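Letters A, B, C and D mark the chains as written, and numbering starts fresh at 1 in each.
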């Protein structure tokens, strides 16, 4: 298996596990990257996908030739609308997010600390020129699920004692899913609740620069 | 169908002055008034502060004004993927003010709704609230955000009626209604103007009292994208 | 002419004069009482009537038998909708008012002082149990036109040096129309700009407990 | 058509507790959930704080709860013409908090939009802002108003689809959408439930994520008024 396939499998595994966290009938906002793979793994579970540019009930990408450039998701990709979907403006869309009406956001993170505080919008030393809806989602939704590879490409820990990347806000994540493990956060404490097949707690400890309680 | 509010494309520049704060609708190119922006790119109006979620694409939409050096400052939520904007900022000739997307949407609506400022949980504890007032309500921190008015708002809709009531095509609305509320002068670019009475009272998204002028678009959807009509 | 007819005529005269103040194509909010008579005197002038419960483009009362109890104005009276009308919710309706998108409000007043500050929602010593949209209109619209009888039923001055009734807010009225006169307000100064046929400036001075500049 | 969200009228009382702050839609009787209010009047739930523009009419809508002594406090904009409310207030067993109607609408929306407080020009310099914080922006005074959340929101719409998306009949919407946003538990009374997909995405006024439960109304329009079905 080459490295690329390996990364692809990792991302799929994370998306698959994240799909299990979602409840029937929930309103979900999916961030860019790994979260966009989740719909493939929902099976019979029905959830409502919320796109912050103004669509609740986002459907899959259209067939070629059926693209409407005025029917897009928050990643500016063409989408379709499912029966029962609703369309609205940006102010109401973010009122839904900020007001706690979106059940769950599944988003990527660049870093997360052992309390669940996360960084997902800016890299230290790089230009800070984009935030999009990231902070609104972190501040507003009922449940924040993070999906990310356990370490960076160069093998550095992304799960850390305290953030070195710019924080996305006070609000802590609820669940963190990597290709190696699942963590939960409660009262500023991190719990290891699952390890992937063939992964040991020692392996997790080695690749995680944060304290956590083992709660398998 | 014609409307008293309809103006010609060459009239657009009359309503925009050097140094204006201009609200420009759109999420990406959807809901962006491409024709109006093209017209402004033909003029020498400059030092604009543009409030828009992003700055279009290179040579598309607001990207044209950027290339022309007509933009002094951009207020929006996401410029990362626009190479031209990143370069302009690095070279020091474009100011950028970054806002969380929801704060931007709410701030624009607030300006239109007569609300000068409001508190939001978004951004509390981050770099984006570093120089902003923070206050606790019920033990939780919130950031005071000011409303975001426009000297002019340039918006895009699907159809207008003769009075200037607007409806949109799918997710085209995005920031447009809020911007229509927040602009002192509001120019809407539309595909067509239909007779008054053709739009149902319940389906109108932007009410005519928010809209000052109408222009007809030169863009149409073709092959899943926006194409300028050549004729 | 009996007293009742006299009052009726007065109210009609005030409404008629107020109608002249309205510009073609303006968005107008009409308060209860005298302002509701204005539509009869608009002639060919076309204005848009805004009802704060959520209708722009309010039409006249329906024929008997055509009443829809879910199509009402802010006085809870059944109305009709004109072509080009728009329907919306209370939050947006008051955003229109507060945000300055309604050109003119024509409202009654219990008292107005010589700077144009007005009182139109509560009577001293009486229960203060209603305000409705009065303060929003006063604070928000572009132009406030007051319509009222020049004095109270018992002959007391309603145009006063300073309010003894609870104020409706800092915002001053622009125009005041009574059966005897028309005043304008600019920079906290009151100007007498018109008197009704057969009314003298002396008569106005006698029935007005406020200082004004005569600017006929 | 049925919906997973549909509950029976007798289930309504499960969701309302003594002392709750209850948002109740309607401007007069239009948009007021008359059936739901009737059901609450049959229970002994008490000490309610009712947030509603007015308190119905004697023996109609919220007037029934008032007569029953179930209301401890009313927050709204206009109670003057409701004799029962005026008397209850004079007799000292009904607290009243008066708000300008626009402040009330915006405060309810704010609660639903995650905004804990906002500044408004309305009421500055009046008795209604006497105990409220005032602040200047650009030389003008504004009043700080807190958001108005509900433990429960009881709303009225015309049609729901199976998911709970709502549309209204003419000016029936008034405070209902804002209240649906602001209520922790939201029960909507509707004329009918239509199959999902029958309401167009653009025409939906209250999106299903704001609505928890649906009940069918017992009232119909007859002779220009709302009449309880007898069958």
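The rule we apply is simple: a residue touches a chain if its C-beta (ideal position, glycine included) is under 8 Å from a C-beta of that chain, and two chains touch if they have at least 3 such contacts.
Everything quoted here is computed from the prediction, not taken from an experiment.
Trainee: Please report the minimal path length, in steps, between subunit A and subunit C on the chain touch graph.
Mentor: 2
Trainee: With centres defined as the mean of C-alpha atoms, identify the chain lying farthest from subunit C.
Mentor: A
Trainee: Comparing A-B against A-D, which pair counts more contacting C-beta pairs?
Mentor: A-B
Trainee: How many angstrom lie between the centres of subunit B and subunit D, each centre taken as the mean Cα position?
Mentor: 34
Trainee: Centroid of subunit A to centroid of subunit D, CA atoms only: how many Å?
Mentor: Taking the mean C-alpha position of each chain, the two centres sit 36 Å apart.
Trainee: Please work out the Cα centroid separation of subunit C and subunit D, and write it as a whole number of Å.
Mentor: Using C-alpha averages as centres, the distance is 29 Å.
Trainee: Quick check on subunit C: which residues sit in contact with 2+ other chains?
Mentor: 55, 81, 87-88, 94-95, 97-98, 139-140
Trainee: Please set out, as single numbers or ranges, the residues of subunit B touching at least two other chains.
Mentor: 106, 109, 113-115, 120-121, 168, 170, 201-202, 205 - these are the residues of subunit B that touch more than one other chain.
Trainee: Can you identify all of the chain pairs that touch?
Mentor: By the stated definition, chains touch in these pairs: A-B, A-D, B-C, B-D, C-D.
Trainee: Once bound in the complex, which stretches of subunit B touch subunit D?
Mentor: 106, 110, 113-121, 137-138, 140, 142, 146, 167-168, 170, 201-203, 205
Trainee: Touching subunit B in the complex: which residues of subunit A?
Mentor: 51-55, 65, 67-72, 74, 76, 78, 81, 87-91, 93-95, 97-98, 122, 127-136, 139-140, 166-171
Trainee: Please give the residue numbers of subunit D that touch subunit C in the complex, ascending.
Mentor: Residues in contact with subunit C: 27-31, 53, 77-81, 85-86, 89-90, 96, 98-103, 105-106, 108-109, 120-128, 141, 168-178, 205, 221, 223-226.
Trainee: If we count contacts the way the header does, which residues on subunit C are in touch with subunit B in the complex?
Mentor: On the subunit C side, the touching residues are 25, 27, 48, 50, 55-57, 81, 83-88, 94-102, 139-140.
Trainee: Give every residue of subunit D touching subunit A within the complex, in rising order.
Mentor: Subunit D residues touching subunit A: 4, 109, 111-115, 161-163, 165, 181, 196-197, 199, 201-202, 204, 207-210.
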